[in-house]
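Two complexes, one shared chain (subunit A), two partners (subunit B, subunit C).
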Partner chain A sequence: MSKALAARSLVALVIVWTLLLLAPYWLPPFGGYTALGTRVLVLALAAMSVNFLLGFTGVLSFGHAAYFGLGAYGAGLSLKFLTMSSPLSIFYGMLLAGIAGAILGALIVRRRGVYFAMVTIAFGQVFYYIAFQWSSLTGGDDGLRGFSRQPLDFGLFSVDILSNANAFYYFVLFFFALVTAVMAVILRSPFGRTMVAIRENERRARFLGIPVERHIWIAFTLSCFFIGVAGALYALTNNFADPRGLHYSQSGDFVMMAVMGGMRTFWGPLLGAAVFVILQDYLSSVTVNWMSFVGLLFVLVVLFFPRGLLGFIRPTSKA
Partner chain B sequence: MNILDIRNVSKRFGNLVAVREVSLAVARGELRAIIGPNGAGKTTFFNLISGFFPPTAGAIVFDGRDITALPAYRRVALGMARTFQITEIFPELTVFENVRVGAEMKAGYGLRPYLGRTETAAIKRAVDEVLDLVGLQAKAHRLVGELAHGDQRCAEIAMALSLAPHLLLLDEPTAGMGDQETYQITQLVRRLHREKNCTIVLIEHDMRVVFHLADRITVLDQGALLAEGSPQEIAANTAVQEAYLGKTA
Partner chain C sequence: MTGGVVTSARSLTGARIFEVQRADAMTQLLLFNVTNGLIIGAFYVLMALGLSLILNLSNVINFAHGGFLVIGGYIAYTITPYLGFWGALLVAPLLTAAIGIVVERILIRPLYGRDPLYSLLLTFGLAFIIEDGTRFIWGAQGKPVTIPAFLAQPLSYEFFFITGYRLFMVLMVVASVSLLFALLRYTRLGMRIRAGTLDLETVSALGINVGMLRSLNFAVGVFLAGLSGVLAAGQLGLEPTMGTGLLMPSFVAIIVGGVGSLPGTLFGGLLIGVASGVTAVFLPSASEAIMYVLMAVVLLIRPRGLFGEEGMMT
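What follows is the complex of A and B.
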């Protein structure tokens, strides 16, 4: 990476983290509220997980809501039956999503392009219908209730993340930071570079000795672990897990956030999620057809900023 | 011992027999050219050697090991690298980044989630060495997709070289190049062969290049082996002249 580019990404890093760390303080003056920031973080993490595959491996999954939902149900069910620890419930949610992703991923990775997307939708819908039908465990159409996030117990003191919105925001931000740091480290590693190689030219990647299917499977599994964390945080945010969170239209929302924000950039999906959530928040109080405005914006972005809202900042040449 | 031993391989696509019972032995350190008219099955033959697809019949032995059933990436790990007739590169990455992928695979870092300082420095040295060799050092930080055609071909050769192969397969390295670039590539291939002691098999249309470089020449026609011999023998071969040289002359 050239010096100019390194400086640029350092500046981006400082801006992003300053904004995120201070969000509970600058959001209210702009008419926002902390819970809105929390929603942005959670959905951004999901969109970044989808983009880990889409933007950096070149593989479009249209079924990632399934693993998002598994993370949510995993966290909800473990809080209900297994543990009183919020962080542990996130761990369980992540584990459930990641393991399911590893198993199904092995069946999916040989497909390419549209076929890959279709198979991911199909497997995703399986989980949607399971959550929908298995009412005794999942609450069916009503969703999973009867659990709530628990205060963080540090022995000497505890932090109330249930009623203190700011505390919960920082709780979510902590996990967001953890997962995005892991993502960033992987993307800068030799393994991450093989992902980009596969995105750029699968044939060349294969003839450089990369076992392409195995690497896509690993990237797919990792992204399922990541989105599992997002799903678990989503369940804790709402104290509720909804079967619609597993539906493929939810997967479509994640893809839309990633593409709108800029799928070739690391932080693009965060911007995409912010635009999406904020538009939803304001427009849904004005009209029930808020989605058509989001859709219109999406079309405009794709037409005029094909690299996404953040994409145009990126230089085309590093020379 | 021969580095490459191909025994009676055939490739059939439905009713079309693209390669028909071709045998070929390449000695270690040799520079072999494969020529033949369009549709002779040269690229299909290359695809069989490199593992792009498996042969319908026959066996391929590389370095004393039967690799007939091995997928391409395993053959790369055993020391085989190739380029393509239509350049296959990572267009949105820089020249350096393109070559680094190969160097890291060669070093066995493919699954590493992290690379230490000394390892990173060693990789950078390996990449720089290859870029010096092909003369792309000055363009190391340009995006490969923005380079001229000739430089892109060189970048692809550099990627193959980053794997430090025992056997290098070049599919028409001078395709689409002007005289000056063709000369440069010819010089490069000769240097690789002499200085790096690399066994090279190349497909080439430009007869000047072929007769200038090759130790031995294999001629394919309609999927079958037509002739094999030294450049002098091939030039004097009447069957070859009829099938191939006669038509282009």
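What follows is the complex of A and C.
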């Protein structure tokens, strides 16, 4: 990485983290509210997980909502039956999503291109139907209720993340920081470089003796672990898990956030998620036809901003 | 047949009669569900063949395919009072195909050179617009489509579920699938489509207008979606969300049959239709899940799909 680029990415890092850390203070003056910031953060984490695969390995999964939902149900069910600890429930949610991803990933990774996308969608729908049909466990169509996030107990003192919106925001931000840090470290490792090599030229990577399938499988599994964390945080945010969170249209939203923000950039999906969530929030409050406008957004972004907002600002892609 | 069994059973003891009747009911139920499965499978086939055509030639996953089905159905609903059912059956799919051509020319054509991700996202957004648009124009309430009275009657009292309309639907599907395969096999257009599926670059180098080919191919695919919309409307009535429910099984049909193979898609659609029909008898809650189980098994044993060729878009 050249010196100028390194300096630029350092500046970007400082800006992003300052904005995120101070969000509960600058959001209200702009007409926002902390809970909106929390939602952006959670969905951004999901979009970044999708982008970990899409933007950096070049593989399009259109079924990641399934693993997002598994994270949500995993966290919800563990809070309901297993544990009283919010962080532990996130761990369980992540584990459920990651393991499911690892198993299905093994079936999926040999496909490429549109075929890969189709298979991921179809397998994603399996979990949607399970959540929908297995009412005794999941609550079916009504979603999973009867759990709520628990105060953080540090022994000497405890933090109330249930009623204090700011405290919960920082709780979510902590996990967001943790997961994005892991992502960044992986992307900088030789493994991450190999992922990008596969994206750029799969055939050449294969000729160099890189086991492409295994790399894609690992990347797929990792991104399922990541999005599992996002899903678990989402369940804690709403104290509720919704079967529609597993539906492929949710996957479409995640992919859209990544593309709209700029899928070849690390922070693009965060920007995309912010724009998407705010727009959806606003549109659904002013018109019943918000679905048409969201659809129109998809069409316009694809036709006119295919490189996304950050790709537009920064034409040369990093990493 | 089954009536005869019951009559002769009358002379037997009560327990035997009960047993025979129960077996009879079981056969009825099984037959009922297999028939249902075949009919639903026929719908999957119509939808999936159109999707498959577009996917094979243009590498576009048309998420709006369910939307075109809905458009076909609602157009039929709108013009039935003027043209009657038979007129609507002919005109509605044609109008749907015309809309399809416009959509392809304006929205999808600019994306052919790009990553398939973009056409997928665009048609995904388009599906939203179509669903919301139909709700806006025709309302969220379901709409009935009147079918000719003679088609609405059951053909026999034993098998009350086989109505004339259901038979008619299956015949229509058989006829249109045969026509499609004949078109692909014997006409110049069909030959070009098949050649383009294998190697579009060479087809283009031979002086064939690939843009036109893709438009026509898209139109044929959308025509099939529109036709299934009209047929479905006569059986199930119309709802703005009905297209999305048929989209996923069509994907599964294509994957099970093997991407790139139309006979595979045909077989895959019928297979998952019947499989979910039979499952509905024994384990109703799993009737939706069974097709995904089938898909997983196929991907495990034969990753390219039942009829897929190695290296075809894998």
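Methods note: the second predicted complex is superposed on the first by the 314 of 319 C-alpha atoms of A that agree within 3 Å, B and C clash if a C-alpha of one lies under 4 Å from a C-alpha of the other, contacts with A are read in each partner's own complex, and residues count from 1 in each chain.
One rule holds for everything that comes next: contacts are C-beta pairs under 8 Å (C-beta built on N, C-alpha and C of every residue); 3 or more make two chains touch, one makes a residue touch a chain.
Remember, predicted model here, so these are calculated numbers, not experimental data.
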Fit or clash between subunit C and subunit B when superposed on subunit A: fit
Superposed model, angle subtended at subunit A by subunit C and subunit B (C-alpha, nearest 10 degrees): 80
First, second, both or neither for A:F123, with subunit B first and subunit C second: second
Residue contacts with subunit A in the superposition, subunit B compared against subunit C: C
First, second, both or neither for A:L60, with subunit B first and subunit C second: second
Which of subunit B and subunit C A:Y115 touches, first, second, both or neither: second
Contacts of A:F81 with subunit B and subunit C, given as first, second, both or neither: neither
Touching partner for A:W26 - first (subunit B), second (subunit C), both, neither: neither
Distance of closest approach, subunit C and subunit B, by C-alpha atoms in Å: 11
Interfacial residue positions of subunit C with respect to subunit A in the complex: 55, 59-61, 107, 110-111, 114, 116-122, 124-129, 131-133, 136, 248, 251-252, 254-255, 259, 285-286, 288-289, 292, 295-296, 299-300, 303, 313-314
List of subunit A residues in touch with subunit C within their complex: 54, 60, 62, 107-108, 110-115, 117-119, 121-123, 125-126, 129-130, 133, 248-249, 252, 255-256, 259, 289, 291-292, 294-299, 301-303, 306
Subunit A residues within the subunit B interface of the complex: 2, 185-186, 189-194, 196-197, 200-201, 203-212, 215, 218, 316-319
Complex contacts: residues of subunit B adjacent to subunit A: 50, 71-73, 76-77, 81-82, 84, 88-94, 97, 100-102, 104-106, 109-115, 141-143, 146, 156, 159, 162-163
